[in-house]
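Going in written order, the chains are labelled A, B, C and D, and every chain counts its residues from 1.
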Amino acid sequence: MSMMLDMRGIVRRFGHVVANDAIDLDVAAGEIVGLLGENGSGKSTLMKVLFGMLPPDAGTISFRGQPLTGHTPAAAMAAGIAMIHQHFMLVDAMTVAENVMLGWRDAGRLLRRKEMADRIRDVSRRFGLDLDPDARVAALSLGRRQRVEILKAILRNAELLVLDEPTSNLASAEVAELLTVLRRLRQEGKGIIFISHKLPEVLEICDKVVVLRAGRVTGRTSVAGASQGMLAEMMIGRDVTAPRPPMVASSPGPARLSVKDFLAPGLARLSFEIRRGEIFGVAGVDGNGQIELVEALAGLRPAGSGAITIDGHDVTRASVAARLTRGLAYMPADRGTTALVKTMSVAENLMLRDSGRPPYGHGLLLTRGPANAKARALMADYDIRARDPSFIAGRLSGGNQQKIVVARELDRRPAVLIAHQAAWGLDPGATHFVLDRMLALREAGAAILYVSSELEEVLAISDRIAVMARGGFAGIVPRGEVDPRQLGIWMAGRAA
Amino acid sequence: MSDAAPAADQTARLQTRRLRLRRDGLGSRIGVALLLSLLCAAALIALAGHNPLEAFLAIVQGAVGSQHQIGASLNRTTPYLLSGAGVALCFRAGIINIGAEGQIAVGGAGAAAAALALAGAPSLVAIPLALVGGALAGSLWAGLAAAIHLGRGVHEVLVTLLLNFIALLLVQQLLAGPLGQPGAGFLQSSLMPRSAWLSHLAGFDVHAGILIAVVAAAALSFVLWWTRFGFALRVSGSSRLAAAYAGFSLARLTWGAMLTAGALAGLAGGIEVLGMHRRLIEGFSLGFGFKAVTVALLGAMEPLAVVPAALFVGLLESGSLAMQRQIGVPTALITVIEGLTMLFVLAATAARR
Amino acid sequence: APPAAAEEKAAMLLPGSINDQSWNALGYSILLALKPHGFTTAYTENVADSDEAEALRGYATQGYNIVMGHSGRFVSAMEQVAPDFPKTQFIAVSGNEGAAPNVMSIDWNNAQFGCQLGVLAARMSKSKMVAGVYGLEGVPNITAQAGGFRICATKAGAKVSILYVKDMEDSAAAKEAALSLIAQGADVITGKLNAAEAGLVQAAKEKHVYVTGRGVDQTKMAPDAVLTNIVEDWPAMFGKTADEVKAGKLFGNFVQYGYDTAPVTGGSLVYDADKPFNPVVPAAVVKELDDMAGQFKAGTLKVEPTREDARGGS
Amino acid sequence: MIEFLAAAIRIATPLALAALGGILSERAGVFAVGLEGMMLAGAFAAAIGAWATSEPIAGLLLAPLGGGVIGLAVAIVAVRFRADNMVTGLAVNVLALGLTSYLMRILASGGRPVSMRLPLLTALPIPALSDLPVIGPLLFAQPPLTYLTALGCLLMTLFLNRTQAGLTLRATGENPEAVFASGGHPARVRMLAVIACGAVAGLGGAVLTLQQVGTFTDGMTGGRGYMALAALIVGRWTPWGAAAACLVFGAAEAFELRLQSFGVPVSSYVVQMAPYLIALTVLAGLGQSSKLPAAIGQPLPSTR
């Protein structure tokens, strides 16, 4: 059978990291190939090489019989490859039609706006995408935005479609719709590469699966007859599944964090309490108000109405600094520009939110000697692997960067901790470490709000679980009463 | 804890900082940038039909050729150092303050007004109060910019820029009106009372301003590296989100940086008035403000490094006057060198960011 | 330094560029005019205000006998530097104060010439509305010329409007100012600007009204529009002083030339090389202006303008 | 009144041309602080061209070149080397001021100063239209660069909204990654946009030398580039909006001149503050510049 895509021996290094180590990948017309692998196993890199965004260090690509070498995204697109990136490549300030026309030869040098709008409407109807060409992208939901990307690919007559984690941001209803569209495209004879961490949907949609581990192909199988367990083993290899930390039922203490009738932009009215020694997990699809909630609690967004109290003290309108003094710790999801200052040293990042307190500072002055000593101690305690406290934080690996945040926020012995995607991008060992620390903090009597889009993680350490949808809690259940199907329904409770 | 540990920490820190400087080659890259701009300048000098070497020699002699020339160069350095250090502080905090020009002008007016009002007071009273008057006026002008920027969300570059134009007119108005010397041949105030003259240092024709400026730069460097305020400024300059997360009030930081920079620029204006002209005179501040930006950049936005940067510009300019006097190369060349230096340094320092 | 063998040297500091085709170009010509008096010359242009003292000192140190600054603004710096160089004569061009023993200011009587222009403008105006464009309100020589213009034009029966522009070098802005005055009905424009003077001439040329300029070059720009130019005779004013300095004298005073100090009057009205006025100026008017010059010379006519006479507006 | 409007148009023309250039640069994501230097270089090149050939057309052809050279400097330093846009802009302004003055001196080469009396571009009344009452002389008897400015607004609007290139340019200012992913070259787009900005702003400078003054003097733009920058922000990065803002500024300046003639009881210095105060007030009134192109001033990610 002649292959539409034929990648042979692709090698791509980043410094010492070999992201792709002699990878072969074939895709036939009318075939959906699943690409699986742990974080950092090299999936996205391989696709960027295919799409001409990264030159490979070795290997060849042939597409529909033509070699593709030293190509650019423009050449890849001209050849008939379309890529839908994990982070959409859309211009928010522009309309759907403008996004479709961007960089598209058929739109004409002088834009044929009317004709394009008609074609968009037409294809949108044919594939059930339901898109208005004049809608501004900024106003669309994530699911809709993804459809814009798919629309672009269809309109450009792409023969091969690459989707990098297309479902991680979607509600289940939206996922179902996406899979329908993909089936339709398969029928029309397109080739599709589908990257996902979610095994059930891979089994549902793909014809065959290629599994990567540490830049190498560790398995290839046809989906017929494959099981989730088999795929998981190919992905994770000898590593057993992450051990679930033992949870002792907590003895509920008095409420430490209480939120009453709280209203802010992007949020529905919220009321909840977290008690002493309790972890309150918030699951849900990203973009349903999680960021609004945690930032409002942390004092980074203005509150609309309602009340937030910490240990009985009203902090609704308190500044970030005042909340800190009340014992509120916060681990933001945005490590790159919020939680860390990448150009500063490890020591300076450790004192980021405590520079006015000993041992970091005294009055108006910084006390650098004691601060460095403290930094050394924290580096040892939290296993932050850096040469010394003056090492630049941005040069550490992601896991070590996250440990700085964890060390800083936990060392303060907070009364209340808000953790948002605290284990995001961490390898299993580091994830384990962070979750352990959360549990230790819970033992010490803190109240913890644990927000994550990884349901497994939330289930693993929460005493109570809430599901966020459309800016509010779709439901709250105690740990013992969790019904996965119910959670799924709650999560999907968001308008498409 | 023993005393040795922090000391050891400190030397380690200094060492790594030095290492980092060497590894990033920041110093050598700025050096290359300077060299390139001098090469371009040499080409331009040759184009004008002069011998570049002779011209550069004249610059060097004019800058440091005699005790007097050294003094003159130092005097020239003073306003650049003061206002450049303030601008560097703002840049560190991510605030592009290009209002030094206006702040210097208003500061000069403030110092002159204070000194004239203090006629009869002894030097020990008159000089400090007049300088404080200059610093206050400069602060006020920078504060106005901060208020409009923070209050109405207008970009600070536009606010500080427009306020520069207004400040210059304001000073002219003052000179044509209340501060003007009746019957003078030009827009100028009366001569300051002698007690308000900034004295020259023994043996040199340099006034005490340079000392004030160096102390101010050192103080600013201390603030930047050893105080919480400086820490907050550095954080907000790297990431505004991180600064907000750290609990620093961005508005307060902006006020702090702008008022400090305004005070320093105002002080620079005051020193020019008390030390150089001994009166407020129309146009005395022209061009200082933009050069303060050059200086801040050349000094890699580090107040202590602004000292050599200001010295470089000061020497260059005082040397260039001599160059035109001796061999007739137009002084516009110096503006060219300054522009080129800024560009090359920008390219060199941004390349690896 | 060894005493230069009887070499006479004169230096000029210019606040702007010698290419401005106006004030600074004039300063440069003063310097050139000293050559025939036996001086070797040097100049520095674009001297920033903060560099004035330094530049003065530089030339004085190099042994220049005469160090000139081409603006009243130099007086202040000269007063500072002069005591250190008791053998050097410092001269501020168009200043209005001196300082004993060796700082002098030389200027010409702006009021007299302003007054003549006022009468000329009033006579040549059909609308009986005339206007002047100036810079730096409040500077004495500006006040003198603008005020003299208003006093005499008003006396001669015209309405006078005066505008100040922000920048005496910005010709586009000056032209716009002139156009606004013309739009209000003014049909003779005068002014005292530097590079921006060209803007006035340009405006008058385009709108077919009369204008007075600051140099014969401007006649060439618009021979029909220019009535006359005030040509400041700095070489004569300076030549006299230079000769005396060469003879060992020092001055610490303010000398103002005018019709009353003939034969050196400090300036004259010139249209081109051989005519004082544009041929369109009627003989009667020429005579009236000549008579005024005579009265100034005799001291029977005096104009002493105040800030109020030179105020902006009409 | 007509005269007043005519004055506003005259004052606005160089500003508007420069602002049009600035729109190209800012829409592509590079702050246009260098407009002042670009205008000045354009004015200089125009003067040289017209002076050397005695043909204003030659000046017209050289002006974009002069401005473009400054644009190229910004493009290299701010786009290629990813330096701070604002400071780069300030730096080229200094450079342009120095370089034009210096080159003028070299032309004079120490001897008699060059006396540049340039032939001016004259008004080209449009037949029929220019005979209309009131608006005829106001709008249809203008010199060529004024027509060019109006035409430029029209063309620029079409370019930005109706062409693939314009779409790509706008997208580069909003989300360069999206441009990259759709096969474009954001770095190239920004470089070209900034150079084009210089060329157009250079024509703005040429208005001063070729259409208004007929000579070149040092620093003759006198801050007009900065006013153009303010205007394009006030005009929300749209050609007609920026042109309207320039007219407002032009009117403010024309008003200032007339205010003086009325004889207000304050000195000319206070009256001269009016245009800047008006600009500041308008900016403050607009408040947060919410529609700033999303990626403006942000360097492109390095490919390394």
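The rule we apply is simple: a residue touches a chain if its C-beta (ideal position, glycine included) is under 8 Å from a C-beta of that chain, and two chains touch if they have at least 3 such contacts.
If you want to know which protein each chain is, UniProt gives these names: A = ABC transporter ATP-binding protein; B, D = ABC transporter permease.
Nothing here was measured: the structure is a model prediction, and the numbers come from that model.
**Student:** Counting C-beta pairs in contact, which chain pair ranks first?
**Tutor:** Summing C-beta contacts for every pairing gives the maximum at B-D.
**Student:** Calculate how many whole Å lie between the centre of chain B and the centre of chain C, each centre taken as the average of the chain's C-alpha atoms.
**Tutor:** Spacing between the chain centres: roughly 36 Å.
**Student:** Can you work out the whole-Å distance between the CA centroids of chain B and chain D?
**Tutor:** Centre-to-centre distance between chain B and chain D: 30 Å.
**Student:** Averaged over CA atoms, how far is the centre of chain A from the centre of chain B? Could you give it in whole Å?
**Tutor:** Here chain A and chain B have centroids separated by 46 Å.
**Student:** Where in chain B do residues touch two or more other chains at once?
**Tutor:** In chain B, residues 169, 172, 176-177, 328, 330, 332 touch at least two other chains, as defined above.
**Student:** Two or more other chains in contact with one residue: find those residues in chain C.
**Tutor:** 17, 46, 137-138, 166
**Student:** Sort out which chains touch which and give me every pair.
**Tutor:** A-B, A-D, B-C, B-D, C-D
**Student:** Can you check the complex and tell me which residues of chain B touch chain C?
**Tutor:** Per the touch definition, chain B meets chain C at residues 62, 68, 72, 75-76, 79, 169, 172, 175-177, 180, 183-188, 191, 272, 276-279, 281-284, 286-288, 317-318, 321-322, 324-325, 328, 330-332.
**Student:** For chain C, which residues are in contact with chain B within the complex?
**Tutor:** 11, 17, 42, 44-51, 53-55, 57-59, 61-62, 71-73, 75-77, 79-80, 92, 94-97, 105, 107, 136-141, 166
**Student:** Show me the residue ranges of chain B that touch chain A in the complex, using the header's touch definition.
**Tutor:** It comes out as residues 1, 5-7, 9-10, 12-13, 16-17, 20, 225-232, 234-235, 238-239, 241-242, 244-249.
**Student:** Okay, in this complex, where on chain B does chain D touch?
**Tutor:** Checking each residue of chain B against chain D gives 44, 47-49, 96, 98, 148, 151-155, 157-159, 161-163, 165-166, 169-170, 172-173, 176-177, 290, 293-294, 297, 328, 330, 332-340, 342-343, 346-347, 349-351, 353.
**Student:** Help me check something: in the complex, which residues belonging to chain D touch chain A?
**Tutor:** Against chain A, chain D makes touches at 162-165, 167-168, 170-171, 174-175, 177-184, 291, 293-294.
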